[in-house]
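Below are two complexes that have chain A in common, paired first with chain B and then with chain C.
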Partner chain A sequence: MTVTIPARPPWIAPLVRMILLRVAGMVAILLIISMLVFGLLYLAPGDLVKNLIGNRPASPEVIAAIRAQYHLDDPLSLQYWRWLTRALIGDFGQSIRMQAPVIDVIASRTGVTLALCALAFALAVVVAVPLGVLSAVRPDGWLDRSVTAVSLVGLSAPSFAIGLLLLYAFAYYLPIFPVYGGGVGPIDTLYHLVLPSIALALGLGAILMRLTRTTVLRELDADYILFARARGMRESRVNRLALRNAAIPITTSAGLVLTYLIGGTILVETIFALPGLGTLLDSSVLYKDIGVVQALTLMVALLIAVITLVVDLSYLLLDPRVRAKELGR
Partner chain B sequence: MTNLSLLGGRAAAAGRRIPGSLVVSFVLIALCLVAIALTPFVSAGATAQNILDGLLPPGSPGHILGTDELGRDILLLTIAGTGSALVGPACIALGSMLIGILFGSLGAYHRGPLDFVIGRATDLLLALPVMLLAIVVAGIFGSGYWITVLLLVFLFSPSDVRIVRAGVLEQAPRPYVEAAQMLSLSRWRIMFRHILPNVLPLIITNLLLNIAIALVTLSSLSFLGLGVAPGAADWGRQISDGRSIMLDNPAAVIVPAILIIAVACSINLIGDWLGKVISQRSDR
Partner chain C sequence: MSDGIRVERLSVSSAAGIIVRDSSFEIERGKSLAIIGESGSGKSMTAKAITGLLPGGVHATGVVSYAGERIELPAETAAWRSIRGIRAVLLLQDPFTSLSPVHRCGTQIRASVLARDELRGTDKVGRRERLQQADAEVIDRLTEVSLPARVARMYPHELSGGMRQRVAIAAALATEPDLLIADEPTTALDASNQGEVLDLLRSLQLRHGMSMLLISHDLGLVRGRADEVLVMRDGEILERGTTASVLSHPAHDYTRALLDASPSLDRLRPAEAAHDDTTALLQVSGLGISFGAHAALIDVDVTVGRGEIVAIVGESGSGKSTLARCIAGLERPDVGKLSFSGQLLPPGRRYRRPSQIQIVFQDPYSTLNPMMTVGQTLAEALRAAGRGRGDVGPLLDTVGLDRDFATRRPARLSGGQRQRVAIARALAPQPELLICDEAVSALDVSVQAQILALLGELRERLGISILFISHDLAVVGEVSDRLYVMNHGRIVEHGNSGAVLAEPTHPYTQRLVAAARRDQS
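And then the complex of A and B:
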C-alpha cells in the first residue's frame, strides 16, 4: 500500500500567480506615478529654464548650458526615458537650492527621519498593543474607557497641534527637553527626539490600539472561545488562545500603519525644527526645488508600494484561513 | 435581529442614554457655528493691527487672550478663524462624497470595464498619502484657500468611491433591486431612488468622519504655509505665526491648537454616535 504525498502543497501555483500579478500591478502604478512626477517639472508654473537655474544669473551661456544639460530640446518621451533610467540608479540631478546632487542632499537628511520614525513606531507598538489587549479583555471597564478616550484624541488631533502642546508644556513651561534642533551625537540626538517621537507616536498608537482592541474582541467572540469556556478552561488560558489568533492581523496591519508616519513626520519635523526629510520636502516645495521633490515623492511611492505588497503577502503566508479563502477558489 | 452577545443589553442601554462627552461635543460645535455667524462682525477687529501697543500677554485690559506682535487681538482672531476651520472641511467632505456617490454607484452597479477603470484610478490616487500629494501639488502649483479645498475634494474622493462602491455592491443582489429591475425602471432611478437610500447611513457617518480628517489636513497645510494667505484668520496659520511669540503670549498658539483638537474630537464623537444610532435603527 503506498500513500502518494503531493510534491508540494496545492496552493503554491496560485500563490505564485498572485504574487506575479500583484508585482505587475505595483510596477504599473509606480510607472504612472513616475510619469506624473516627471511631469511636475513641466507642469510647474513659471518658465522651466528659470526654475532650473534657480538663483544663478540667467546669462545666455547658462541658459544654453541648462538646455544642453537637461536635453530640453529632445522629444518629451526621450527626456522621460533618460530621467527614469537615471532615477533608477539614484541620479536625480542637482538640487537648485543646495547646489549639490539631490541624492546627497537626501542622504544627509535620512538619518534623523529614520530615527524619529523608528522611535515613534517602537513607542506606539510597545504602548498601544498591550493597552489594546487589556481593554479588549475587559470591555467597558475603566481602563478600556480611558484608553478609548485617549485614542480618540490621538485619532482626531493633528500631530502638529499635539507637538506644539508638548513643546510648550515640556520645553518652555517645564524646561525638561530641548526646544528644537537635532542634537549632536547619539545620546543627545535621542534626547532631542523624545518629544517629537511622542507627538508622532500618539496618532499611530491610537490606530494600533483600536485595531488591536477590535481584533482581540472579534477573536474572543468566536465559537472556539465559547467552547473553551464551556469546557471550563481557565480564563487566562482562554485569553492566550485568543491572543495567538489575533496576533497575525495585528502584526500585519502594524506594517500598513507605517504609511501613516509619512504624513506625520513632515509636520512633526517642522514643529521641532529637525533637519530630516520632512522639513526637506517642505522647504523644497516652497522653493520649487523640483529635483528634490521628484526624488522624495518617488521614494515614498516605492516605499508604500513595497510595504503594501509585503503586508498582503505576509498575511497570506501567516494565516492559513486567509490563504484558503484567497487561493482556494 | 436577535442579539446573542452578552454585552447586548448594556450596549443597547448605553446607546439610548446620551453620554456627557457627546453633549460637550454638540455644545462645542454649536459654539463654533455661533462664531461663524459672528465672523462678519469681528473680522474687522481681528485683522486690525495695532503695532504701537505691540504684543500684550493674556489678561491685558481689553484683550482677554492678549495680542500678537502685530497687535491683533487673539480672541477675535480665533473667532474669525472658525469659518476657515469648518466651512472648507465641510465642503471637502460634501464634494468628495458627491464624487464618491456618482462614481462608486456607477462602478458597482454597472461593473464591467467602467468599474475596472474607476477601481484602478482610485488605486493610483491611494498609492500616495493625501498629505504628501497635497503638499507637493499645493506647494508647486501655488495655493489659495479655495484652491486647496478643491484639491482636497479631489484627493479625498477615492476613498469615498471605494466606500460607496462596497455599500452598493452589498445592496445590488438584494430582492428589492431585482424587483425594481423587473419593473424595468431605469438604471438611474434604481441607483438613486432605491439603492442609495439604503447606503445612506454609511454615507452620512463617513461624511462626518471626513469633515474631521479634512479639518486636520487643511489646518496642517495652512500650518506649513500652504493654503491660506499670510496674515489670514486661520487656526493653522495662527499656530504657525504664533510659534515665535510662544514665550510672551502662549495663548496665541495654545488656544487654536486646543480648538483644532477639540473640534476634531467632537466631530468624530458625533459621527460615531450617529453611526451607532443609524445602524440600531436599521437593525430593527
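And then the complex of A and C:
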C-alpha cells in the first residue's frame, strides 16, 4: 500500500494570531462593559452629594463645591472620557467613600476573596470529579445513589441558605469554626475560610459532579472502551481512557463554574462578614462610589474573560481534533 | 483439538428475546472460521459473548473453552482476565470509533503491549526500560501492518479509514492472542480498502499461527480468506462447511439466496438505448467548488436524461456527495452551470421546488425523526408539497409497505423498511429527479437487492430519473444505465455502465474494477 500522510503545517503563527484576536475581543468587551456600568450608575437613584454630606446641614455653596470637585455637573460623556483616559494609564481615581486610591482599596480586599474562590474551587474539583467518575463506573450503585442525593441538595439549595445552615451547625451548636470575620495571619485566615468555601463549593461541586458522571458514562459506552477491554486492558486503565476523553466537557463546566463562583462570593462574604471584594462591591454600589464599582466590575469581567480564554486554549491541549481545526494542522 | 477454541451450546438472550440459540462450533489452532449472517442474525453477539463483552441487559449461557481452559457462561468479570488479550482479542467494525480520538496511535498500540506484559507477568524490568521496549515494539507492529513508523506520533483523525483499521489491527495483535475475532472489520471501509485489509488479516493470521474468527455479512468477501464458513440466521446456525464448498454448493436455501442477492459484476444490466442529450432532465457543466485549499469538485460535467438511472461512482473523499449537494442546492458551487429541464438552475435551495429534486441519504437510522410515526413523517413531506395526508396510503403502496406502517415509529422498523420510508418521503412531492446518496450502502445484501429492485420499478412506473451515488461497482452495474467515475473531484471516465465495467479505459477505473473482481472471485 502506498501511504500518503500530509505533513503538519506550522502552528505557532496561527496560535499567536488566535490569541491576539481573542485579546482584541476582550478589550472591546471591557470597553463596552465600562460604558454600561458608568451609564447605569449615573441613572441609578440616589445622590452622591447626600451620601457624602450625610445628615449634616449643608449650604448651597458646599454642595456646589462638592459637585465641582467630582465634576458632577459635566455631561456624562465627558465624565466617562475623563475616567477612561486616566484608567488607561493605570489611575482608577479616588474612592469617594473611603477617601483613598481605588487601587489601594481593592488591593486590601483582594486577598480574602481570591483565597475563598481558590479554596472553594479546589474543594469542588478535588471532591466532585473523582466522585463523578466513581458514580459513572458503577451507575446505580450505593455510592452513585448517595452522591446523587447529596448533589441534589447542593444544586437546589442556594449558597446563602447553606451558609446559614453551616453557621448554625458548625459555629453555633458545635462551635468548631468562627462565626464571622477574616482572621489574622495565613493559618487563621484559612481557618476562617473553611465554612464559607464549603458553602460555595457545595453548589459548584454538585454541578461538576453531575457533569463528570454524565460525560464519563457516555464515554464508557464508546467503542474504543470496548476495544480497550477486548485487548485485556485493566479496568483502571480503561477508566482513565474514558476520563481523558471526557476532559473537554469537564473543563468547560469547571471554567463556567469558576466564573459563577466570582459572583457567588458576594452573598457568601456578606453572610460570613468577610472583608472581601464582594462586600466592597455591595457597599460601593449603594454609595454610588463610581470609581470603585467601575474598577471592580472591570476586574471581574477581565477575570472571566481570561478564564474563558484559558478554557478555550485548554481545548487545544486536550483535543487534537480541535487543534487541527483551529490551528490548521 | 484441545489447543483450539470450542464453543458449546452458546445461547444469548435479552429482554427482547433470544438472540443466539444453542450454537456450537470450534476453531482449530491456526485456522480461520467465518461467520456469515445479516443484521439481527446474532453473529456480533456471538463474538461479544465469547469474550465477555456483552452489553448490559444481554445474557449468555453455554461453555467456551480456550486451549482447554473452560469458561462457563455467564462468567464473573474476573474469569475473563486470563482470556482477553491473551487467548482472544476482539477487533471492531468501525475504525473511526474504536480508537480513542485524543490519544496518539503509538500510545494506543503501546497500551496493548503493556497490558500483555502485565497479563503474562513478563513486566519484571523497570518502568523506564519497559516503556522503551514497548515503544520499539510499536514501530515493529506498525511495520507489520505496512504503516510507516511516523504513524505512531499521529492521531487517528489524521489517518484515512483504511489506515485507522490497520492501527487497530496492530493494537489488537500487539497482545499476541491465540484467537483474533474480527467483527465486520472492513464494512466501514472503501471498497478498494476492504480487500487489502482482509488480505492483511489473513496473512497475519497465517504468519502468527493464530486462529481467526471473521464475522461478515458478505459471503463473497470471505472467499479465500477463511478456511471454513458458518452461515447464521435468526440466531441459529444453518450451514457449515469449507469455504469453497459452501460457496460453490450451498446446501441451504438461505445461503443460496444470500449468494444470489449479492450484486455481482458478472450480472451487468443489458445496455439500454443511449439517451439523447436533448431530452436531458439535468445538465451539469463545468462545476467546481473548493473548501479552503482543498478542491472538492473540478470541472464536472454530468447529464441525466429523463427516466434514466445514472450512477456516480467513487471512493470516499472523491467528491461524489458534494456533487449531489450542489445539485440539490445544499452547497453553492464556485463555478459552473446547472440546468434542469432546459432551465438554468441558480445555486442555493431558494431556486428549487420540492417537485424537482429529492434526496435519499445513506443512513436510514438517522434520517427519520424517531419521535414521529411514519404517517406523520410522510404527511409532513406531503404538506410541504401541497398534498393532503390522504396520500400517505398510496405513498406507502408505492414503496411496497403495508398501510398500517403509518402508525409505527422508526424504532420498530428494520433498516430496509426505514429506507423504504425515506424513499416514500422523497417521493411525496413527486420529484422528477431522485438522488440516492449511498442509499443502499448501510443495508444487508438481501435488503439491498430489494431496494435496488424497488428503484428500478419506480423508474418504470413513475418515469422518474435517478442519480445513484455509490462506492460499490457491483451495485452500480446492476442498477444504472450510465455511470460516471469520480476520483479526487474529477470525472475520470463515463459511459454506458455495462461497457465501462466490462472494459474500463482509465487506469483508476481499471484499478477499482480489478479490486471489485478480486473480492468476488
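Side notes on the structure shown:
Please note the rule applied: the second predicted complex is superposed on the first by the 245 of 329 C-alpha atoms of A that agree within 3 Å, B and C clash if a C-alpha of one lies under 4 Å from a C-alpha of the other, contacts with A are read in each partner's own complex, and residues count from 1 in each chain.
Throughout what follows, a contact is a pair of C-beta atoms (placed from the backbone, for glycine too) under 8 Å apart; a residue touches a chain by one contact, two chains touch by 3 or more.
Please read these numbers as outputs of a predicted model, since none were measured by experiment.
Contact with chain B, but none with chain C, is seen for A:D282 once the two complexes are overlaid on the shared chain. Of the two partner chains, chain B is the only one touched by A:T297; chain C is not. In the superposition on chain A, A:A161 contacts chain B only, with no contact to chain C. Looking at the shared chain after the overlay, A:L43 reaches chain B, while chain C stays out of its contact range. Looking at the shared chain after the overlay, A:M233 reaches chain C, while chain B stays out of its contact range.
Looking at the superposed arrangement, the partner reaching more residues of chain A, out of chain B and chain C, is B. Of the two partner chains placed around the shared chain by superposition, chain C is the only one that A:L318 touches, whereas chain B remains out of contact.
When the two structures are aligned on the shared chain, A:T270 is found in touch with chain B, with no touch to chain C.
Contacts from chain A toward chain C in the complex involve residues 1, 3, 5-6, 222-224, 226-234, 237, 241, 244-245, 247, 318-321, 324. Against chain A, in their complex, chain B makes its touches with residues 5, 7, 10, 21, 123-124, 127-132, 135-136, 139-142, 212, 216-217, 219-220, 223-226, 236, 239, 243, 246-247, 250, 253-254, 257-258, 260-261, 264-265, 267-269.
Chain C makes touch with chain A in their complex at residues 51, 53, 81, 84-86, 89-92, 94, 97-103, 111-112, 115-116, 118-119, 146-148, 150-151, 154-155, 157-159, 162-163, 168, 171-172, 174-175, 196.
Interface residues of chain A, counted against chain B in their complex, comprise 25, 29, 32-33, 40, 43-45, 139-140, 149, 152-153, 155-158, 160-162, 164-165, 167-168, 172-173, 221, 259-260, 262-263, 266-267, 270-271, 281-282, 285-286, 288, 290, 293, 297, 300-301, 304-305.
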